[in-house]
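One chain, chain A, appears in both complexes that follow, with chain B as partner in the first and chain C in the second.
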Partner chain A sequence: MEDSRRNFLKIAGISALGLGASPVLDAFSKEQALQTPQMIQGEKALKATHWGMVIDTRKIHSSEDLNPMIAACNKIHNIPKLETENHEIKWIWGEAYHNAFPEKETNFLNERLEHIVLPVLCNHCEDPPCCRACPTQATFKRESDGVVMMDFHRCIGCRFCMAACPYGARSFNFRDPRPFIKETNLEFPTRMKGVVEKCSFCAERLAEGKLPACVEASNGILIFGDLDDDKSEVRKALRENYTIRRKQNLGTGPSVYYIV
Partner chain B sequence: MLELAIKGSKRYWGWMALLTAMVGVGFLVYLQQLNFGLGITGMSRDVSWGFYIANFTYLVGVAAGGVMVVLPYYLHDYKAFGKITILGEFLAVASLVMCLLLILVDLGQPMRMLNVIFYPSPRSVLFWDMIVLNGYLFLNIVVGWNVLEAERNGTSYPFWLKPFILLSIPWAISIHTVTAYLYSGLPGRGFWMTAILAPRFLSSAFAAGPALLILLCLVVRKLTRFDPGREQIQSLAKIVAYAICINVFFFLCEVFVVFYSNIPEHTAHIKYLFVGLHGKGALVPWMWTSMGLMAVSIILLVNPVTRKQEGVLAVACVAVFVGTWIDKGLGMISGGFVPSPLHHVNEYAPTIPEILITLGIYAMGALVLTALFKMAISVKEEVAG
Partner chain C sequence: MNDKKYIIAGLAIFVVLMTFPFWFNLGKAAPPPEVILTPKALAAKECVRPTALMKVEHQQLLDVWRDTVTRDGRRIYVNEQGKQFNMSLSNTCLDCHSNKAEFCDRCHNYASVSPYCWDCHIDNPKENK
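Now for the complex of A and B:
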């Protein structure tokens, strides 16, 4: 009796272990394509194989020039205005040149750059370290157009992606953000506490044929388009101007370029 | 054998009740965190990992340190350690329980924890960390339990156990290596991005783990009829002495590379920790205390005259334990996040709720450790008659 009960428990334990391990083993054996749900594009959707952005800093004269684009982003993405700086949620915001480009710090910086604030946002890297770090694929690079996206409902809030991002582009909901949203945009989800979020290049607007909200509100400071299309506006801007990218030496391949 | 853990003196139950109360307090504060979010901690957008992950990292080391009694006994047939391998294994079990709980309380959405299994991501180091930590917990429970049961029955452990024992040795190295890889593979975090991080983690682990084990052996000798043995304690002391020396050596290697090359991305963090940066330096006194404690412990441990006096040895072990805890538990994680990738100096300090939750988890670990040690020592007393 004693013996059979013990054996039963042993077998039950081993079976439970097997059941737990099977999805893990499946992942190694399955084709990646089978796992990823397919998304069908709308007719009006803007199409590209590698979305990118060029920021023309010459058109920025004061920090106020950034306000419309930041406000537009905050409004449509239900970004809360939190009291504590530590808990801030930021998708696009302004930084001084030596913060945006700390490795390019110099005592003799061009006067114009010294005095302006540069917009910074997720760089939608070609090889994003955040996606590598994520243990649940809650953050992933959309292969069709290179946008680095977030699944707020899968994120477990481990914040490994925040440690992995060399651009400080990610924010964590340290508390329920909903009471701090002035006016909720019902067309975009609000988030719950405990998940990470960041700029998505307005994937939801691209799908409807609209440019990202910040680009629309930027008065020509932000140029957006397909980096793979040599006739696109971004490629034209890149051809005609010298541009730099943030922390290019890390090999992450940012898709956001700055004309300085 | 579990019944041995529920038969005990008043003192035993008093201690267990105290620990349970601490666990209770931690749990209540955790409920508050669950309700409010991680905003009740001192973590921020810039310092997005704090006390939980730092203590997790430290305790992974303590768990790995247990291998320092297992390896000499099973690989080198160093018989003296046969008496205390079980203590090393059970210390690893208790440490791992704490590690897993610390990860749990650090999650923003703990109820989604199983997503790590539902959507396994082999490119994420965290995925591998989950595998090695749970695997090591499993190995130590199976090995510890069966060896102890065999000892109780006066037989040798079952033949199928040997592969598990041998596997547990490299596995111990793997848990701390993978934990170091969590940090050292991140571009843009200059403080962690060094190949010596995993070796540094291991050396501090092999100092801290056995140091704690020595202290536990001294406590066990005082409180029970089981004597872990003078030779055993002295051998452990030599291991601690080597490990702490190597740990300081590795750190100095890091300091050389960082400051001789003088690359700002790497120097900024060490400057922040040891002299402060942009006028901010909350950790400066802590880091120098840590260095002082490690230096003192090296003097006391390397010198045979002081090492052989158990009272002095105990002091040295406390110095090792506290020194490495400050180094890893306070400096290692905050140091990597300050300054931020955008060169803002945003400091971090744990809040009271954060500390209470962590203390609750330490109490939980002590509870598990006490029960397991009680079991092991009761068997040893029983066998000795």
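Now for the complex of A and C:
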């Protein structure tokens, strides 16, 4: 019968389609199974949209007050101690007022400021010139929290960022740093020869719910918090005190403020 | 066609010379490396992802981890089983696989690759450092 042949062909066609489709569908379902792993932020992570720091210089009496915070930073970030001044690696260090604020120098400076050493570090600028200079985007401003980060893997060591940074906050590894690290922190990587490094506001500690190491060791000299949150400690300090920022006229918008 | 002998002899010599590396090395293929797992890795039974996948794709996984951690600030990896891992080569991967010479290096040497992970990430055993 003509009719039955027609039906037979229909059924055969549909079955062939079904048989052919099942491996394809299987592959799709496998693909979806592979996509399930997720990458999330830790529950304990400190959250902010613009991390910033206020440095209360009134609490600094001698250069020794800075030693604990510098030591804490150096230790946890495996920062080498190199004797040659040009090879030095610095994330946070001390600087005299006239070096930290060259454009604010006056003839008869307040005696306290004349004599103290100020802590200086990467300013995590609102408009960071280093990030514009970087040809590989190894350094970039993290939009989520305003931290200027380094991806050491991508750094090609061209040092454009060092030329672009008006604060000298970046250091270059002219030689292998490993032999010069006194006490190695095994949880943090070292760097290799040929990359630039700088302060990261302890992004790895913020992710675990801890404040930056220098802040913890500073004995109240450093205040850290969210500049976008008007209830934060930094905003309170900014509200109550007169503060200045380093080389503000350059328009980089530093996130580190100094109470003088 | 007077030179037939010479041509055939020459061709034979040519073929033998050209194929020399193949038959000389016949049956002498380097055995695939045998990686040794630490007791900690054995106890965990499975890595972050299934073993077969880790064997072929660990480098891509690490690449994604690096970008996600530094650029997005997301540091926790939740795998298919819902288990959480800190996305860190130094503190998660090398914590279990604390035998670089017997685990990482054996395969990398066999495949003739020399990744520079350990130029910065401190290799284990961490206790000895």
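One rule holds in what follows: the second predicted complex is superposed on the first by the 221 of 260 C-alpha atoms of A that agree within 3 Å, B and C clash if a C-alpha of one lies under 4 Å from a C-alpha of the other, contacts with A are read in each partner's own complex, and residues count from 1 in each chain.
Simple rule for what comes next: a contact is a pair of C-beta atoms (placed from the backbone, for glycine too) under 8 Å apart; a residue touches a chain by one contact, two chains touch by 3 or more.
This one's a predicted model, so the numbers in the text were calculated from it and none came from an experiment.
Asks: Which partner does A:179 contact after superposing on A: first (chain B), second (chain C), both, neither?
Replies: Neither chain B nor chain C is touched by A:179.
Asks: More residues of chain A are touched by which partner: chain B or chain C?
Replies: B
Asks: For A:220, using the defined touch cut-off, is the partner it touches chain B, chain C, both, or neither? Pick first, second, both or neither.
Replies: Touch partners of A:220: none, neither chain B nor chain C.
Asks: After the superposition on A, what does A:187 contact: first (chain B), second (chain C), both or neither?
Replies: The answer is second: A:187 touches chain C but not chain B.
Asks: Report for A:149: first if it touches chain B alone, second if chain C alone, otherwise both or neither.
Replies: Once the two structures are laid over each other on A, A:149 reaches chain C alone.
Asks: Does the superposition put A:158 against chain B (first), chain C (second), both, or neither?
Replies: It touches chain B, and chain C stays clear.
Asks: Could you say whether A:132 touches chain B, chain C, both of them, or neither, answering first, second, both or neither?
Replies: A:132: touches chain B, not chain C.
Asks: For chain A, give the residues common to its interface with chain B and its interface with chain C.
Replies: 192
Asks: Under the definition above, what is the set of chain A residues touching chain B in their complex?
Replies: Checking each residue of chain A against chain B gives 20, 23-24, 27-28, 84-88, 90, 95, 98-100, 102-103, 105, 120, 129, 132-138, 154-160, 162-168, 171-176, 192-196, 247, 250-252.
Asks: Could you list, by residue number, the parts of chain A that touch chain C in their complex?
Replies: 33, 36-42, 45, 140, 142, 144-145, 149-153, 184, 186-192, 203, 207
Asks: Under the definition above, what is the set of chain C residues touching chain A in their complex?
Replies: So the residues of chain C in touch with chain A come to 49, 64-68, 70-80, 87, 90-91, 116, 119-122, 126, 129.
Asks: What part of chain B is in contact with chain A in the complex they form?
Replies: Touching chain A: residues 36-39, 43-46, 48-49, 103, 106-110, 112-113, 115-127, 130, 182-183, 186-189, 264-265, 336-337, 340-344, 346 of chain B.
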